[in-house]
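Residue numbering begins at 1 within each chain, and the chains themselves are lettered A, B and C in the order written.
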Amino acid sequence: MKHVTRIQDLGPEGVEAVLSQAAAWKLKDPGHIFPGKLLGMVFFNPSLRTRTSFEAVMLRAGGHAIVLDVGSGVWKLEDRPGAVMNADRAEHIKEASPVLSRFVDMLGIRTFSQGGGDEEDEADPVINAFRKWATVPVVSMESAREHPCQGLADALTLRETFGTTKKLPVTLTWAPHIKPLPKAVPNSFLLSAAAAGCEVRVAHPPGFDLHPAVRAEAEAYAKATGGSITYTHDQDEALVGSRAVYAKSWGPTAQTASTPTDVAALLASYSGWMPTRRHMGKAAKDAAFLHCLPVRRNVEVADEVLDHASSRVVDEAGNRYHVQRALLAWMRGG
Amino acid sequence: MKHVTRIQDLGPEGVEAVLSQAAAWKLKDPGHIFPGKLLGMVFFNPSLRTRTSFEAVMLRAGGHAIVLDVGSGVWKLEDRPGAVMNADRAEHIKEASPVLSRFVDMLGIRTFSQGGGDEEDEADPVINAFRKWATVPVVSMESAREHPCQGLADALTLRETFGTTKKLPVTLTWAPHIKPLPKAVPNSFLLSAAAAGCEVRVAHPPGFDLHPAVRAEAEAYAKATGGSITYTHDQDEALVGSRAVYAKSWGPTAQTASTPTDVAALLASYSGWMPTRRHMGKAAKDAAFLHCLPVRRNVEVADEVLDHASSRVVDEAGNRYHVQRALLAWMRGG
Amino acid sequence: MKHVTRIQDLGPEGVEAVLSQAAAWKLKDPGHIFPGKLLGMVFFNPSLRTRTSFEAVMLRAGGHAIVLDVGSGVWKLEDRPGAVMNADRAEHIKEASPVLSRFVDMLGIRTFSQGGGDEEDEADPVINAFRKWATVPVVSMESAREHPCQGLADALTLRETFGTTKKLPVTLTWAPHIKPLPKAVPNSFLLSAAAAGCEVRVAHPPGFDLHPAVRAEAEAYAKATGGSITYTHDQDEALVGSRAVYAKSWGPTAQTASTPTDVAALLASYSGWMPTRRHMGKAAKDAAFLHCLPVRRNVEVADEVLDHASSRVVDEAGNRYHVQRALLAWMRGG
């Protein structure tokens, strides 16, 4: 049984297989490839693109999605082994996951970082509890550590735009925000781009380092695929000659800023990192702009970048549909 | 591409076409007319009839609906061009609308008045932003200015009850409520009834005027269809000889009452406007009673009116299904 | 038209018919037995198993479910005849139920106890209002008095585990909790087990009596089926030689404890009632453990019981699917 809750579940070969299938099926609709199949979608956090695109995948493939909003329509779930459940979590994933597995053919889980810090995010306890106790394949719809479907959609967009991702110079640049965001999306772009063989440049202010385990994993993919990864605190340097600029905000490490006031001050001090046309001017002439969405216009990215012809953000979001269809087929061994 | 977010998108001819089709298909089910088609339904506000009836239309026609509750299950959306998005609206409709358009074949939007006043309601910014940026047809499930599907269901109910709507005397009467309500429903009844050729009498207390632009539009429809529209502050006068009594509450104009206390006092002072059998006794002997639902019994309308054989409110709600099926077909050029 | 909102709607013969059908179809999938049929599911309270299992039943049988979360996505509903609706309940079930009946082929309703006390729970006003005004069959997804689908799933699990339920010694034991819970589940286990001919032993602390009307109804079923029912305050005594231990918490009677402080103190004083392996050791060697889920681990039931091979809780939850499919078919006369 194949779970996919992290890029590691695919590896560079799986990433290549999914991207190729997604590209092929985007040109020629495979029709009802999941006839009568049910995907149970459990949302601990809200969603627009993910929910709609997964449900559309299932419906257009002849299957169905059952959507569960945990914490709004449903009670909160416990993931800790041995917990004495005397607080607000009314059900353990040890029951919820196998029970849901009885009713559906696949489980999709969305569960953001619970704010317990970098090591808890790395351990990713909620989605791993579902994975451990499920008796059907589990797919991530974004968890604390990764958002693999986003990473795959990003890579497909690069591939479509430039023909190949091999040795493609791409820049992942930190961007400002009103609050510290999880690192699942930058982690997934880094891992997917490395697995796809890109020359990845990562630019962020000091103190916003990605987790060492994620960086080590990306490094291993780059080695295997002929890609490379460099890190810098100099945004302009990272942009020079780049073919794709991927902007995303994320929060500082715990050592960098520990109080909300410190974090807010830190974020405010880097408002100059918001991509504008000036920034895009440093990159290659044909450079594409990418962002996972949702984007806070004129805070995270300037209107002039998002509204420019080089922005691929809507196509990138549309590719969520295509990579997810191919990914579910890959998980089902198709 | 045909959007329908206001009666103006149909005009009297479109209204006639949709009502005829709805009536015909009510007698003879057309079967799977939307095979495999997906309707994305975005709710900024709650819904019972609208959600269920649209989803039933899609499912019984061989398609599907994907339901998104924005603000509960999903984040809040921004509609203002050039906004610096540093507050609670995490995504711009400029992204959300084209992205959703990638996943579905039609978009339904429900977005009530945001309480910004009569001119903002007339401008209807949220649904117009969706309409502007969508790449698939957009249908209104009620917005600040209009609720066209309700107006069409009202007109179909009149047509079924009396054979024709041409020169049919009908009364739209204001009714009491515990709070000021939006004007989308009275606007839509007025516009639909005028487009269907009725002799419309509108009765409301002083200071509850409908927007001049809506009244002018209704007047133009009446001219084109041989109908007529009159306004009065005398409820009894408006009821005499009327064949249908349509009760609905709405709020006063900004000039009439600007503070919540003023509005509450004003609403309380008109509790005598609640339709009772005494009121129905003024109308024609065979007069039908209509209301869009939900209705606050014994506040907005008396039990004795709602429970009387002349009440058509459940049939009227049931007609939402029939007009929506015909409307979506009309939008798709069928 | 057959409604099923209580075991009484089935009676012992109906229970037997549904269990037999469920067992048969569990071995051999009947396929698309509800082609194109729509089940409208109205949730006044959250759900995980119920929602997923009913939706899965409809989808796998060729139909669909339309899910309405009342009070979150939809407004609150009024059930009282003659109410002056000037508070937070914006729509009467007298309208909502017949209107929803226009759009769907069956209605499922979940509405927990409203906390109005034992007699209000016995009267079960909300689901009975839906039942009264619906023009399509209504099925309970748990109401104040009963949770018949849970009771049927419990009985099917006993039948599968032991071959027959006739004269099977089973124990319904009260269990601790952090708050007083409704009695719908213990009521339904008692009624279903009695209707299935079990020898039921009910153990609970003093002051936690089930309603006299429920006990009288169960007694009548036991008489008809050759079963029996005994009540005790001695948990150990009730366990001796029992083949199945069904643990469930519920609140005290109003006479026993009327203030939240009294109730909390009372619940805390009975923490020793939490089933452990010591308790299971009193029962028969092959005794099965059952619980309706969700369960608060190490508060209501010890990990060592839930994680033991004798626990059937996941199978029991999985049986919700099977009994519900058979029940809907029975209601439709199939």
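The criterion applied here is as follows: a residue touches a chain if its C-beta (ideal position, glycine included) is under 8 Å from a C-beta of that chain, and two chains touch if they have at least 3 such contacts.
Protein names from UniProt, one per chain: A, B, C = N-succinylornithine carbamoyltransferase.
If you're wondering where the values come from, they're calculated on a predicted model, not measured in any experiment.
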Exercise. What's the call on chain B versus chain C, same or different interface residues, using the half cut on shared numbers?
Worked result: different
Seminar exercise, completed: Between chain A and chain C the C-alpha superposition rotation, given in steps of 5 degrees, amounts to 120
Seminar exercise, completed: chain B and chain C have mean C-alpha positions lying a whole-number Å distance apart equal to 40
Problem set entry | For chain A, residues contacting two or more additional chains | 72
For this session: Spell out the part of chain B that touches chain A in their complex, as residue ranges.
Result: 36, 38, 40, 64, 66, 68, 70, 72-75, 78, 82-86, 90-92, 94-96, 98-100, 102-104
For this session: Sort out for me which residues of chain A touch chain B in the complex.
Result: 43, 46-49, 51-53, 55-56, 59-60, 69, 72, 178, 293-299, 303, 306, 313-314, 317-318, 321
